[in-house]
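Order of writing sets the labels: A, B and C. Residues in every chain begin at 1.
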């Protein structure tokens, strides 16, 4: 049951991240096959790293090619409709926020389902949520989203933590999933909307020479 | 038999990609050990990702260190002869095209040999053909070749598709390998020579604000 | 016994690389969770790639989450004390040199312990020693340390080679570990201090056109 819910949310997250990959492809004016590649790598990248780190074989999309097909179709559709969006980069940030929140929970949930330690489950939530976007930005030659000022990794961490803690204390699966998603998305959305950031490291006197 | 042919072409592709890695090292004026590292990572990178994704253990070059040794030797040789090339970047593009076409076919062939679904085999052909170059460009601080205007990923996709389709309808192994290679290399070479590209995504009115 | 020594040095190396990741986070003025992510990825990145390539499951920090916890704690501590360092980038280079030398030896030692061929063990030493820093620099948007002028990859190679050769001829484990570390660190430290580099590839007439 909980696995079905997590699997459903995983599907959503994969498709949404595929859109963000395709939007980066649109910003780089790639061709349609470039959209398919960048969409796929972004959609399945985070989960692939999670499965490789957990030693899950076969990797989810190798076991079920439908995930890959969905990414490609979503990216192709984005090729034709991306111009409708008035602010492609802003759309990318908000879709990325939804994907981040979904994967923070499903990454942690999948790790727990494979018997991982709760600490590892939290780490897998963060890795699933952030690495798809990291790979997308590196391949697309964009400035990495993790370096942006607004709270980002923290949102994934909080979502994964909430989910793992609530699961640990016996909250129902639906409740834990819902709370984790709301925590991650709420935090990221708040940060995006009001441009909030945690206190950042500030170079102090004598410490910022280039060499 | 087919495995022998694919294995032979894999050797060619690995050595050719090692040369392209060494040529990037030459453009960055690295030392000879840098040539060996960048050549090796480029030569065996695509196949390593393929094996990790397919769950093949041990990875091909861990099982047979001769692949790694060949990459290193080829990269060292390139250190001494790269200056003979009049256009190192142009040579790199053409060698990369040969490697791309070889790996599109052998990546798909290896995946089929490990029992992968045809869709996954095509994906592995594309991944084998493109990820060595992607890693090379990232490590070498070059602009990623996948972002270049001329048809690139498409050539790998077409080569892998042709190979998998022909194998699926029962064409002889030699014929499928040959047709896949010609399709991928022909397409990439045509694109390089005439600077052809597929229609690219174009930002339209109101959609290209930076934020 | 030798495994205990290698495991101890691995702990040192992981914590030191975590500091270097946190120092890059400080240069990018990330928040404290960014420090934790970049510290962790740098601390455990090289060993993770080594384990994935060798097919070791579970990966060391998935088996023992204490490694991950240590990286996070070290990175958090760095958030609060990094300003004490007068030259953060210079400190980063020197700590990176210590980590490089430790991982060159322990990466090779772990590979031998898993039955790898000596050539593969040397490659794993180099990969463990360099890939944590490579990932750190890519995620942090820094110029990759492997492209710096002073001897770098060579130091890892020499350290791993010394360790594997001495182990092969039957030198005691302590002796081989010590000699390998001294060789790698000594070479890198000498290079850093006197800005030594190996002869680098130089573009010659007619060979350096951009296209």
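Methods note: a residue touches a chain if its C-beta (ideal position, glycine included) is under 8 Å from a C-beta of that chain, and two chains touch if they have at least 3 such contacts.
All figures in this text were calculated on a predicted structure; none of them were measured in a lab.
J.: In steps of 5 degrees, what rotation angle do you get fitting chain A onto chain C on the CA atoms?
T.: 120
J.: Are the interface residues of chain A and chain B largely the same numbers on each copy, more than half shared, or largely different?
T.: different
J.: Chain A to chain B: how many Å between their CA centres?
T.: Roughly 28 Å separates the two chain centres.
J.: For chain A, what residues touch not just one other chain but two or more?
T.: If we look for residues of chain A contacting two or more partner chains, we find 52, 138.
J.: Could you list, by residue number, the parts of chain B that touch chain C in their complex?
T.: 25-37, 40, 48, 52, 57-59, 61-62, 65, 68-69, 79, 82-83, 85-90, 138-141
J.: Using the touch rule from the top, collect the residues of chain B that touch chain A in their complex.
T.: Residue list for chain B touching chain A: 52-55, 116-117, 119-120, 123, 126, 130, 134, 138, 143-144, 146-147, 151, 153-154, 157, 197-204, 206-211.
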